[in-house]
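I'd like to ask you about the structure that follows.
Each chain gets a letter, A, B and C, in the order it is written, and its residues are counted from 1.
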Amino acid sequence: MTKTLSWLFSLLAVATMGLLLGIFIWQSVPVWKHEGWSYLWEKKWYFRQHEFGVMSMVYGTLIVSIIALVLAVPVGWGAAVFTSEYLPRRVRMAVKILIELLAGVPGVIYGLLGILLLRDWVYDTFEAFEPLSGDTLLTAGILLAVMILPTVVTLSDDALRAIPSAQRLAARGLGLTRAETIFSVIIPQAARGLGASVLLALGRAMGETTAVFLVVGRQDNNLPDSWFSLRAWLDSGQTITSKLVSSETNIAYGDSIHWGAMVGLGLILLVMTGAATLVGTFFTRKPHA
Amino acid sequence: MRKFLDAVTALIAFACALLALALLGGLVYVIVQKGGPAISWGFFTEQIRLVGAAGGIFWNLIGTLILLLTAFLASAPIAIALALMERVWLKSETSRSILRTGLYAINGVPSIVFGIFGFIVLVQWCGWGKSWLAGGLILAMVILPTVTVALMERLKAIPAKYVEAAAGLGLSRSQIIWAVLLRQSWGGLITGSLLGLARAAGEVAPIMFTATIFAGAAMPHAIKESPVLSLPYHIFILAQDSFDPGVGSKLWGSALVLLGLVFSLSLAALPTRLRIHEEAHHG
Amino acid sequence: MKPFSFLTALAIASSLVSTAAADTLKINGSTTVNLVVAEAAEILRAENKLDIQVDTQGGSAGGISMLGDGLVQLGMISKHVNEDDKAKYPKVNFVENTIGVDSVAIIVSKDVWDNGVKALSKQQLKDIYEGKVTNWNQVGGTKSQRIAFFNKEPGRGTWEVFVHWVYGGPKLAPQVSFPEVGGNEETRNKVAGTRGAISQLSASWADGKKVFALAMVLEDGKTVDSSNAHIANKTYPLSRPLTVLSNGPATGSAKVMLDFLLSDRGQALLPKHGYMSLKDVGGQKY
């Protein structure tokens, strides 16, 4: 009986996830038929003309996530080195708990703070570059950086702590300073775990919705001349998630191509976050575990 | 020189940790300072009036609690089943590892994807319209990996001698599961659920198309067409559409209450987590 | 135990499906109309013990589509139902019950106002919308100042009224991609906080402190502002009806709501939120 129930409920879970993936593929079929591969490469999204190209949203999603990583990863690694290598165990737990509280703060509250504080700060600070408004990819990226920081800290701290204390003692015994121990003994061994923290944080950043929606500006078709232009970070943009919670989701339902294009965005997001998460999870696995 | 680099490293690491903590402190300070004045007894017991400019958030709070409770009840049996699969029923390490990887993959699915899935399947195909149950089930999907992994870890920590002793008493495998494994690990279920719910409580994306509306919903009487109000959606709407200056303080008050709820859920999970942590170090 | 209690719960739950709440009045749509309807709903909930749910998902377009799909009994819209809407729901008999009148203002931030831009013509708006004009000094500003256009997101009644006036309809409008704004407060907040900003907004939200409503230069050269007098004599071109939409004539609790909105007490809610009541406009059609 217990075994049967276990199987039953587990299969229910597997079936639901299978259904989810199936629905996102199946419901996006109309747009693939309508646009073909240009759905992925086309730069223009004009739903009234039934022109659907996701490039500018993929760009937006990648740029805000990269900004978030550039800001959050160094700070997160630094904080993790501090908690794992410098703090006594009990204090370390306390600090970790506080940082994990930060992870629990809802996106909508970050969004509210973004509207109130961050938007004006970005607008004024970067005035020299003449941003058109305070709603920029950079604003969204900074907000995301704060949101993913706890993920980076916690996972990196776990990775660093997984290195046995004996190695620290041995290295110190050889006359290495604490910093030298960290850089030449601990970090090289924890590299996989530290890398995993980046990928899992990337997955989280790409999927975050509410906060980004409120500060990114929601401007369609805003691709820069060069993918590597930093000035373009001070433009408004659109991410996959900000599109998916916008009013277009309500409008699209009932028009199979437009709806397919929206669901297709969800599918692309699923592939992007899924890849980051799975590779990240693969990284965390110790070779002999 | 080496001493100097050593000190610089320590200083930089310290500054990073301090920055992370300062962000938390600053965030809490701003929310408390702006939301504090709105908090009163009536804020919790009255319903919204004047499109959010007056009254309180009673039904928003109740709605959020209904969603969370539903998510907990719906995810618990699935999480138990999956955890038992991994610890007891699956024999090969490969299939266990696939199961674990699958859970991490689910954990990585953006919540808006779950929201749209719920909109297609529950709201449209099942014809439920916006419903508390649709929202609860979708949030259950959001928290499922967290709950399951916490439970697995707890199951793993049960000393083998307990199981051996139970087997020695002639208990069947089913009996061992109920009397030993699940009895010893329910703390993991609760901890995982609290952590998961702390995340779910503030989510807008999974419930905005499936479960929640701005005004007028109270206690749901049915499933179909029975939406609830909720705290995060309330904040999301007011942030874009507050007319009256009076809305401002109510908006921040709602944010403060939501933050309080989320922190309470995280902190409630703490004692069990600390105990597990202690056992891991001394046991 | 847990799995069993869950199954039991599921059984109870599925039996509840059949007894779906039928007597609830559900309303969705425009945030502009919502201010009036939500307050009316509060009164009717208290006085008539009606069960009324109000939501604002997707703005006017959300109101039309949810009424079309039969998910709500009343849709709130701040524009007219157009041919495309009707084509999408051929089986639905859209009845526009107008409860008041509002106008769409073209609003600018304080620095634009101070720069001397107080009025625009249709052609100037067109040029700005199409990106041919990007500096305020090309349309009457004394100083050079970049134009930051915030466009109302698709589906918003405000946007549709705007493009209907400038281009004759949503499909005729050129495809442009500006930063988008949704709700009225979001619009006001962003325009107020951005230098050189312009957007479309319900005139009642243009407070003259944070954001300023431009007057329109008409084709005969006359300049009209969005004052009530100019809406009532129809010289201001961007007026629009505030409408509660029903499928066929409203019945039951939907009719109670509609009757209340058209009663003296209901009509008094319109000026309270900055709109014009039907009496204010002498019962004219918009």
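Quick notes on this structure:
Here, a contact is a pair of C-beta atoms (placed from the backbone, for glycine too) under 8 Å apart; a residue touches a chain by one contact, two chains touch by 3 or more.
Given the structure is predicted, the values throughout are model-derived calculations rather than measurements.
Shared contact partners of subunit A and subunit B, listed by label, are C. Chain pair with the highest count of contacting C-beta pairs: A-B. Between subunit A and subunit B, the centres computed from C-alpha atoms are 19 Å apart.
Separating the CA-averaged centres of subunit B and subunit C is a span of 36 Å. For subunit C, the set of residues touching two or more other chains reads 3, 57, 182.
Shared interface positions of subunit B, defined as residues touching 2 or more other chains, are 77, 80-81, 208-209, 239-240. Annotation for subunit A: residues 5, 9, 115, 249, 253 touch two or more other chains. Remark: subunit C residues 2-3, 6, 9, 13, 16-17, 19-21, 24, 26, 28, 31, 34-35, 38-39, 41-42, 45, 51-57, 71, 182-186, 205, 273 touch subunit B in the complex.
Subunit B contributes residues 49-51, 73-74, 76-77, 80-81, 128-129, 133, 208-209, 213-218, 220-227, 237, 239-243 to its touches with subunit C in the complex.
Residues of subunit B touching subunit A in their complex: 2-3, 5-6, 8-10, 12-17, 19-21, 23-24, 27, 30-31, 77-78, 80-82, 84-85, 88-89, 101-102, 104-114, 116-117, 119-121, 124, 141, 144, 173-174, 177-178, 198-199, 201-205, 208-209, 232, 235-236, 239-240, 251-252, 255, 258-259, 262-263, 265-267, 270, 274, 277, 281. Against subunit B, the residues of subunit A that register as touching in their complex are 1-3, 5-10, 12-14, 16-17, 19-20, 23-24, 27, 74-79, 81-83, 85-86, 89, 93, 95, 97-102, 104-109, 111-113, 115-117, 146, 149-150, 153, 177-180, 182-183, 200, 203-204, 206-210, 214, 241, 244-245, 249, 253, 262-263, 266, 269-270, 273-274, 276-278, 281. On the side of subunit A, the complex with subunit C involves touching residues 5, 9, 44, 46-49, 115, 119-120, 123, 130, 132-135, 217-222, 236, 246-251, 253-255.
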